[in-house]
Amino acid sequence: MALLTVENLEKRFGGLIAVNDVSFEVESGEIFTIIGPNGAGKSTLFKLITSFTRPTSGRVIFEGENITRLPAHVVARKGVVRTFQETTIFKEMTVVENVIVAHHLRSRASSLGFFFNSPLARRDEQEFRESADSIIEILGLETVRNEQARNLPHGYLRELGIAIAMAAEPKALLLDEPFSGMNPEETDRVVDMVRGIRDRGITILLVEHDMRAVMRISDRILVLNFGSMVALGTPSEIQTDKAVIEAYLGREDDELGI
Amino acid sequence: MSSVAKGTRRGVGAPNRAVSIRIVLGVFLIVYLIVLPSYFAESRYILRVITTASVLSFISLGVWLTFTIGRINIGQGAFALIGGYATAILSTKFGVSFWVCLPLSGLIAGLTGIIFGLGILRLKGVYFAMITLSLTEAVRLGFLSGGDFTGGAPGISNIPLPDELGLFGITLIPDFGKVDTHIAFYYLAAVLLILGLAVIWRISSSRLGWIFKSLQQDEELSRSVGINVARYRVMAYAICCFYGGIGGAFFTVSQQSIYPSVFGVLDSLFFILYCFLGGLAFVAGPIVGAFLLFILFELLHEFQQYQQLIYSLLMISIMLWLPNGLLSLRLPAAFWRSRNIRD
Amino acid sequence: MEQVIVNSLILGMNYALIALGLTLIFAIMNVLNFAHGQMYVLGGFITYYALQVLHLPFVVGLVASVVVLVLVGLLSERLLFRRAIRVSTREESTMLLAAGLALLLESLILLFFGEKQRGMPPIISGVYQVFGVYIPAGRAFVFAIALASLIGFVTFMQFTRPGRALRAIAQDKEVTALQGVNINRYGALGFGLGAGLTGLAGSLLATIFAVNSGLGTAVSIKAFIMVMLGGAGVVSGAIAGAFVLGFLESFGYAYMPGSVTYMLIFAGMIIFLVFRPQGIMGKPWG
Amino acid sequence: MKLLVNTFRLFLVGFVLLAFGVTTSQAANKVLKIGHIGVMSGPAASWGLINKYAALAGAEIINEDGGFEIGGEKYDIEIVSLDTKQDPRVAIAGAERLVYQEGIKYIIGPNVDDTTRAVLPVFEKAGAFNICYGWHRELFTSPSKNTALGMIAGYQSAPVIYKYLKEQRGVKSLACVPRNDASGLNSRDSCVAAADQLGIKITSSDSTYEPNTSDFFPIMGRIIGQNPDLIVLSGVAPADAPLLIRAARELGYKGLMSTETAMDANIITEIAGEMANGYISVGGASAPELRTDEMKRFIERYSKVAGEWNDEAGTKVYALEMLLQTLRVAGAAAIDDIEIFKAAMPKVNAEDPFIKGGKARLKWVGQGYFDQLRQVSTPMVITEFKDTDFVTLFIGYVE
């Protein structure tokens, strides 16, 4: 059974169709990428899957359970966690504090427990700290561990974003344009990182512009245009798909990475 | 600054800091609970000023908490009014003891806060500020047109002083009518403020405080890691309203009357100013702000018609030259700030 | 009934004049000007002083009010808000600074102009009667000038270079700055213009409503309602909000006990904004 | 002129602040401190300021004449004045400052029902006596013993005015337009009661307006629709009265209008002009043809202190005078003990120095209303506005 199933998802804003009848399945342990020109509805699709917006119709099924209309934080609890396109982090905290706060889902103590600093709450804190340190290590953030996030060098922001998402123990991690604005070396580093995360058993969904990286990293690719599915297949299938080339017609070749 | 250096400093400094915090706190408590009331025992005016400033601080502590979830709350006056009327109505119409009224007023205000909060906390920034400002006005007008139940414009007067509170025949708190009311109210206010500060301090330095802080910085991101944003922001807001309700109940019994204009938009605005001028980054900010501004106004009485002018000039100067509040001036930088997560 | 409708129209136009300055300053500087009402009162008092004490013609008073308020706006932008925006990252700092300014202006007005209510007879006396509806000439006059100012202002914003720059800043400050527009200079212009409009409103409305030193907060609150109802920072929204409030107030007072009217207006506004935070005309925010 | 004077004062205060020097008057006499507390900033600033200016003007005149004699000794009068901001918390702190810090036993103010209610327990407890301008009966009836009413309340003047208007002007119906605060609603109730008793029909009494309303067209439109013979502006602030009058006239109202409180002729002239002709209100010793030389001197001094004369002060002139006269009768011991003062209250009976005719007496009244003598015998001067000033219709007295 697929880990994540999207069935006939549709989202309209007024008269505008942002996502039109999209269906696909993501297998456990896959790296699944969604590409498409600007405004193709990629980000909206992400928001729909993580319940940050409600679909007009259609369903999202995760581990056999319909999560379509659940609140976003419940969807996160089920194990579907996203990162953000912009450099969205907790700016007024240090890196390690960012990651510790993000461990929220793992806490067993209640709000009152936090307040009275119950043994359970103390144990939680201890665990979060250890787990945060290991996430920081995996993502190579040790050198900036105690830096205020606001002052972080640009290159670290995306890692921090991923570290925050990792703290929520996702089963499926949705990365929103993790390579954008990066030079080739940086991209290589993040590609390795994403693979590393996948190797820890986390299924990855990507939204991306950078074709070169996408072709390298993805197991399967979904191409959207004007909200509709254009093609779905392995990187090599996509590279030769007529409809895809049509959709990207007039665009720079290198953008397609062919 | 390198992270290593920072880490070391914190590691070495921690035990010293803990000791110095205890000493400073102890001195504060002794001065506040013993020195001040005995030194000014004969000077009722000064006792009253400190008492009033204490409870204004208490109410502002709640507002401070809504700042930590990133909301500018100009609605605290409404909840002080709700708490005040709750006490007034319960004690005059139903003969309920003040010691029951006090927590009940807080709860009523808190519950009302939850109901309003579920709707209005979806808004942010200026929008939230304006909607809470409207709330202050709406609640005031509501009590004004409440007919016999709220007493209309003249409100409710002849509210009894707090009666005796005993347990198994032992007097825990004496009847306020039989002791020096100034001292009695002073201690009631002091206990409220100390408890109130302790609770807020605890919240802001526990995991709850970090969750609130995460909401302030990015609600979407908090949501993405599974934090139930709606629940926690309503929680913070309800605690804030609870503080407002308790404070309102206090003022109602201490002045033994209440009417709709007891708390208005200006009061709500001043609660924010107290927090802001004291320093939003500090738990003690609202206390410093409230004491400073309330006592400052009293000191400026000498200047008669220029009182308000000088007052506002001083206020503007603080905002311009100390944009992070008065406490950003003080010496031990790490002292008042909500504690960092330890390494 | 006809009378009530005419009243609401006149009132709405008056309110529109009050709301414009506030919404302009908010749009350009992102400052919620709590001193708005006090600026309005100052405008009214200056006109009063020119007319009743110095016995100058109304036009002089009107111009004096506008000029003084533009100066007040420029000065407070230069001395207070520019610094506050620079040194503080918190959005509430400018709002509270404006509250401080409100107290300051209020006490200055009280010191200079005294505690009494001040007013003047209508600029044009007499009452027109049209189909059984009474329209005082003074109010008709104010209505006409307010309408002209409104049209003038919208024309300025739409068709002149500075107006277009201001609108661009209101829409996106960063992008506009990148295009080489001097944000500081236009910020000052916006503040001066907003304050000047407020002075104009104070001056005109003082002829029908009178002013006193303590009126400011009430005016500010009403202006806030209009701006929020219409959509913060949108000129058309402010005008729409003003007419909505004018209608609600006139009809409310005509058919309900006084205090209930405003309670319902506030409650209605809260509910409306919870479901539509951007107001009637505002763009969806975020 | 006021602008210049105040600019000058502002500079002066700047210098004083810089030098941090406080000039003290070189008084040979003992000093008797009288407190004043009231709202002197914000929307209601004028209420407190009038009291303050009146007290200051009165004190200056007395000091100029070499002080006030009590028990064979001359006292200079010092007014200690505190702003309440109309905030009960500030008011209570201020009241305690007066009674405990300054040791003052006699206080003028506050001027609104709200804050009076808040500070009353303070005065009761500290054994201080105050003359206030809130109206509510409860404030002056037992068990409240330390508070006196400083003016004519609406429930006292309303019946007198309506009776006159019914008999002389044929008024058969009236509408009350109360301001929505304690004083306004209170005087609305007394208006309704008085009208009922006289058999005058009430067309409307629930069209209240909020303090700080600027446009009275909607309110007046509703009232005038019912076409009453008389419109009563209950508890109207002097600031709002001319606007209400103007709105009524502009909406085509031809009937009478009245109020129960003191008004300022200047404000009415400025805003309503001749539209206000025939407007009936209650003044004190302010009507020009009634003023004694003493009153004229007071008016002159008040104008100097405040920058401009205000007719409302015609009722406020009595507070300081009554306190001092009673102290003189009670003797110097009363300065520190209000029980002696209260015991002497019935004995006070002097000629009213501010009003011509010799009929008016300076004494404590109010027995009929409060069951105790807790009201200053301000004369009830019923006046009618004509062109730029008040013309006296008749004078009544409260017993």
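So that you can tell them apart, the chains are marked A, B, C and D in the order they are listed, and the count of residues begins at 1 in each.
Just so it is clear, contacts are C-beta pairs under 8 Å (C-beta built on N, C-alpha and C of every residue); 3 or more make two chains touch, one makes a residue touch a chain.
These numbers come from a predicted model, not from an experiment.
*Asks:* Which chains, if any, touch subunit B and subunit D both?
*Replies:* Correct list: C.
*Asks:* Using the contact definition given at the top, which chains are in touch with both subunit B and subunit C?
*Replies:* Shared contacts of subunit B and subunit C: D.
*Asks:* For the interfaces A-B and C-D, which has the higher count of C-beta pairs in contact?
*Replies:* Counting C-beta pairs in contact for A-B and C-D gives the edge to C-D.
*Asks:* Farthest from subunit B by Cα centre, which chain is it? Let me know.
*Replies:* Between subunit B and the rest, the longest centre separation is with A.
*Asks:* Compute the distance, rounded to whole Å, between the mean C-alpha positions of subunit A and subunit C.
*Replies:* Roughly 47 Å, centre to centre.
*Asks:* Rounded to the nearest whole Å, what is the centre-to-centre distance of subunit A and subunit D, using the mean of the C-alpha atoms as each centre?
*Replies:* Computed value for the inter-centroid distance: 72 Å.
*Asks:* At what distance in angstrom does the C-alpha mean of subunit B lie from that of subunit A?
*Replies:* Measuring from centre to centre gives 41 Å for this pair.
*Asks:* Provide the C-alpha centroid distance between subunit C and subunit D, rounded to the nearest whole angstrom.
*Replies:* The separation of the two C-alpha centroids amounts to 35 Å.
*Asks:* Which residues belonging to subunit C are in contact with no fewer than two other chains?
*Replies:* If we look for residues of subunit C contacting two or more partner chains, we find 106-107, 110-111, 217, 257, 259, 262.
*Asks:* Do you know which subunit D residues sit against two or more other chains?
*Replies:* 10, 40-42, 180
*Asks:* Among all residues of subunit B, which ones touch two or more of the remaining chains?
*Replies:* Subunit B, residues with two or more chain partners: 144, 266, 305-306, 308.
*Asks:* Would you please name all pairs of chains that touch?
*Replies:* A-B, B-C, B-D, C-D
*Asks:* Contact residues on subunit C for subunit D in the complex?
*Replies:* On the subunit C side, the touching residues are 3-4, 7, 10-11, 14, 49, 52-53, 106-107, 110-121, 127, 129, 134, 136, 138-139, 205, 208-210, 212-215, 217-219, 249-255, 257-259, 262.
*Asks:* Give the list of subunit A residues in touch with subunit B in this complex.
*Replies:* Within the complex, subunit A touches subunit B at residues 50, 52, 71-74, 76-77, 81-84, 88-94, 96-97, 100-102, 104-105, 107, 109, 111, 114-115, 117, 121, 124-125, 129, 143-147, 164-165, 167-168.
*Asks:* So in the complex, the part of subunit B that touches subunit D is made up of which residues?
*Replies:* 43-46, 48-49, 52, 56, 144, 152-155, 157, 181, 251, 254-257, 259, 261-262, 266-267, 297-298, 301, 303-308
*Asks:* Per the contact definition, I'd like the list of subunit B residues that touch subunit A in the complex.
*Replies:* Contact set of subunit B toward subunit A: 3, 6-7, 202-203, 206-208, 210-211, 213-214, 216-218, 220-230, 235, 340-341, 343.
*Asks:* So in the complex, which bits of subunit C are touching subunit B?
*Replies:* 26, 32, 34, 80, 83-84, 87-88, 90-93, 95-97, 99-101, 103-104, 106-108, 110-111, 217, 221, 224-225, 228, 232, 257, 259-260, 262-263, 266-267, 269-271, 273-274, 277, 285
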